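Listed after this line are the structures, all set down as structure tokens.
Next, two complexes with subunit A in common: one pairs it with subunit B, the other with subunit C.
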Partner chain A sequence: MKLTAVLLVRNQILLNKYNYNSYRPIGTITETIDRLQELQVDEIVILNKGHSNSVVDDFFGLFKDTNALRSISTPLAYGGGISELKQAEKLIDSGVERIVLSACNVSTSLASSVAEKFGEQSIIFHLPFFFKDKELTFKSGHREHKSEQVTKALRKNYGGEVILTSIAAEGLGEIDVEQVGNAIKSIPENLNVMYSGGVSTVSQIESLANLELNGICLGNILNSKEIFIPIVKRSCSKITRTLNLESLDND
Partner chain B sequence: MKKVGILDIGYGNIDSVIGSLKTIKVPVARVKSPQAVLDAEVLILPGVGSFGTAMELLTKTEIAAAIAKRHQDNQVILGICLGFQVMSRRSTEAPDIEGLGIFNFEFERLPRPQIGWKSVSSKSLSGLTLDHFYYFNHTYGSNASSDDQFGVARTSDGLLALASTGRTMGTQFHPEKSQKTGKAFLSWFLEDFAK
Partner chain C sequence: MIECITCLYKDNHPLGILFNEEGLCSGCTLHQEKNILNWDERRESLLDIVKGYRNQSSYDCIVPVTGGQDSYFTVHYVVHELGLRPLLVNFNRVFNSREGIENLQRLRTIFGLDLQQATMNPLVVKRIIQTTLANLGTINWFWIAGQTSLPVRISRDLGVPLIIWGAHQGVEQVGMYSHLDEVEMTRRYRKEHDLMGVDEKEIFRFDCAFNEADIAQLQYPSDLDLLDSNTKGIYLSNYVRWDPYQQHEFVVKRYGYQGKKFARSYYQFDNPDCPVYMTIQDELKQMKFGYGKVTDQLTREIRHGRMDRERAKLLNISYLEKTDSDSILKFLEWLGASRGSYELLELNTSKDFAEKLKEFLISDSKKYEDNEQSQDKDYDVFGKGVFND
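Our next item is the complex of A and B:
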């Protein structure tokens, strides 16, 4: 199981999230990525919450130049505003390992064309979820999707992994592990699953680690406590890549 | 350190590989023609894309033949992920398209994509300590049995992580995305394997 840092940005500013839809700015992104790499985070996902037509171009504006982007030696995924294959091509050619698409893109021609060109492992589907009258429901923007529809579409093999984000837990730090387990059961076996939403303690990670997860996403906690990454790596046996202390000391 | 040519014919995460090599002070250039493939001191085949598309591009540009000649002439080659897979006989990703055939095994679709960090171990490679974790991101893999003509390294679940024959090596993992251990691997490859 891997530890993934999720960074939210808008207009080239790093955001802190509280509740599901509220944000406050907290600074720029490049130094944050440098520190996360030093702390040996396993992967970085950047989600751009901007609404303009140039959201993907804004992503490149996060970095001083192309050298800053391509010298990132940690697997990097990006999501936000991707609507065309050529945008995915530009991102992957520039050093982004994987792209993140929303629930409404699970079976679109965009997903199929990216999967055909770069392989299905190059796509992560971001699936915020909640339970509506006890029925698992996924969300993309303001649209809601019944879990059966999404599950059926996911079987088309256009993606390699999903991020399940608990809307109820997002920004609050309270995770219903049983609900997470039920959401994981809806994901076909051909896909890996990461969880995000409200993760802020080692004990939460240990509870989540008992589920069939390929990764756990850390968000807000990293804004106030980056050292949380090595703490988890040292104390949770389910994290695959243990801490390389020699490498950490050299930084 | 030897100058590296990175194959740039329209597939692969070329910029990441270039960025990683630059951070360890390796001179690097993009190569786009069969002659440039033959002339490079060290050739790297980068690794993001699909098997069929990559092989079609390699064949159309006549670079496939140049890579095969390079291998026959014992010139150094490193294939990363897809760059490794195209050096095999074939992949079920595009079963009707032949690979370069440098490695005498095939790649098959895995039950689910392998995305994450794995430790790698080897009994047959000397001079390389592979006791750290490397980043993998692939849907097709091989668990080919060990063959005397190959040096191999495997992940803990038995999949091929690396294979070498002569002065040609392929890695299923992405050294350019494996932080410091990946840079250490690239340094070893260029200083020792490619010596």
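Our next item is the complex of A and C:
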């Protein structure tokens, strides 16, 4: 199981996010990426929030040049504002390994063309979820999607990975592990699942590790605790990626 | 430029700031959280954290202190409310006020606590200040680098893992985190916000004459050290309803904490220990961001409901027009700048001041090796520190 950092950005400012509707400004993304690499996170997912057509260009504006983006050695995924194949092409040409798409894209030509060009593994579907009248429901922006529609399309078309984000837990540190388990069961077996939302303690990670997960996503906690990633890697046996202690000797 | 509808902050705040659809800034929305939270529960949460650190070594925790800011209240709370025995740690500003020195000495005496203080070689300090003034537009970098690293090194070296800081400025000013996040001290925040993106390892890029020994007192421990020592730095402001005005009122009455009035400061108790912070440093801040420390103070007063925004705006304008040329001149003399350079310091009129000063400092920087003569007249020496009464 891997540890993935999920960084939320809007207008080039790194944000903390609470309950999917409240945000706080943290700083710049480049400093954070450097720091996450020092701390040996396994993967970085950047979610760029915005409404304008220039959201993807804003992302490139975060870096001095394309070389700065390519020099990030940790696997990088990007989502936000992608509406055309050529944007995905530019991202992948610039060193982004995977493209993150939302639930409303599972049946679109954008998703299928990205999958065709770069392979199904190049897509991560980001599925924020909640239970509405006990029914699993996915959200993308303000739109809600019944889980059956989404999972049916996923089963038929893709074999990559999904991030399940608990809207109820996000930013709050309280996770209903049983609910997460139920959400995971809805995802077709041909897809790997990462969980995101409210993860802030080693014991939560231990509990989540008992579920069928390929990775655990860390968000706000990375901005508020000093060396959470090495602490987790050292103390949680289910985190299989190794910790290089020599690299942590960085004074 | 977007301006908050409630306070005096604009969207160019250097810590980063967000505005909601109504035009309220993230600092003001977080301040509302102060009125909603159950602070008794927050206090219980703090007691729960500290109970694991009692009687683990000679000291229960480390409290970084100065002769100003929130040091008295923090030490009071740690000793009398939490019942802990802290080691006080101070990184000498070098350029101190008499009030600051007296406050710091009284603090250790009143509470009967040990104080570890570190002082850098003043010649190196001057060289660093010249470098950061020219390249980052700040004179305060060296002190922040020292004050944020010294407690962490001592934590590692003495095996005292808990460090208790007072307020988190990112939370108090721009609402960077919810109080419930219980944000801790981090290397990332220190580098990006405290040190303006340049930590002690990167200062060499501005001046390769520095060597490792010069900056040893500024070095932050490695991640491996932090992992092995279990060092954890928490902020009291996440657990106590933070209001510096009330806290200062309390410590003035109870402990005789002294303030110091500066020309550009509406409020006299924030930084009485550092004449430089409220003079040249504040004018540099105004040049870069269009506001000063008084703006922070007045914003705080608005948020706590002690002042209306219109009055605060008028006061802000009038204080930002003021200057303290005597202090600035003394500081530049101490730094090794000649009196002739004073014409450059028409701070409120000269838009290209920073560029001119940079040229001046670079051309003059070789003098740093023998500029100690400035201590002969207008300054007293305390330890290796200097103050200018």
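Quick note on the criterion: the second predicted complex is superposed on the first by the 246 of 251 C-alpha atoms of A that agree within 3 Å, B and C clash if a C-alpha of one lies under 4 Å from a C-alpha of the other, contacts with A are read in each partner's own complex, and residues count from 1 in each chain.
Just so we're on the same page, a residue touches a chain if its C-beta (ideal position, glycine included) is under 8 Å from a C-beta of that chain, and two chains touch if they have at least 3 such contacts.
What you see is a predicted model; the values in this text were computed from it and never measured.
In this superposed model built on subunit A, subunit B and subunit C occupy separate space and fit side by side.
Using the contact criterion defined above for the overlaid structures, shared-chain residue A:D42 touches subunit B, although it does not reach subunit C. With both complexes superposed, B is the one of subunit B and subunit C in contact with more subunit A residues.
Contact with subunit B, but none with subunit C, is seen for A:R98 once the two complexes are overlaid on the shared chain. Once the two complexes are laid over each other on the shared chain, residue contacts for A:Q121 go to subunit B alone; subunit C is not touched.
Touch criterion met: A:S224 reaches subunit C, while subunit B stays clear of it. Computed from Cα centres after superposition, the angle at subunit A between subunit B and subunit C reads 110 degrees (steps of 10).
Closest C-alpha contact of subunit B with subunit C, superposed model: 16 Å.
Common to the subunit B and subunit C interfaces on subunit A are residues 250.
Residues of subunit A touching subunit C in their complex: 13, 15-16, 18, 23-28, 31-32, 35, 38-39, 171-173, 220, 223-227, 230-231, 234, 245, 248-251. Only residues 1-2, 37, 40, 42-43, 66-67, 69-76, 92-95, 97-98, 116-122, 160-161, 189-192, 214-215, 240-242, 244, 247, 250 of subunit A touch subunit B when the two sit together in their complex.
Against subunit A, in their complex, subunit C makes its touches with residues 15-18, 26, 30, 174-178, 180-189, 191-193, 197, 219-227, 231-233. Of all residues in subunit B, those touching subunit A in their complex are 13-16, 18-20, 22-23, 48-50, 53, 82, 93, 111-118, 132-133, 135, 137-139, 174, 176-183.
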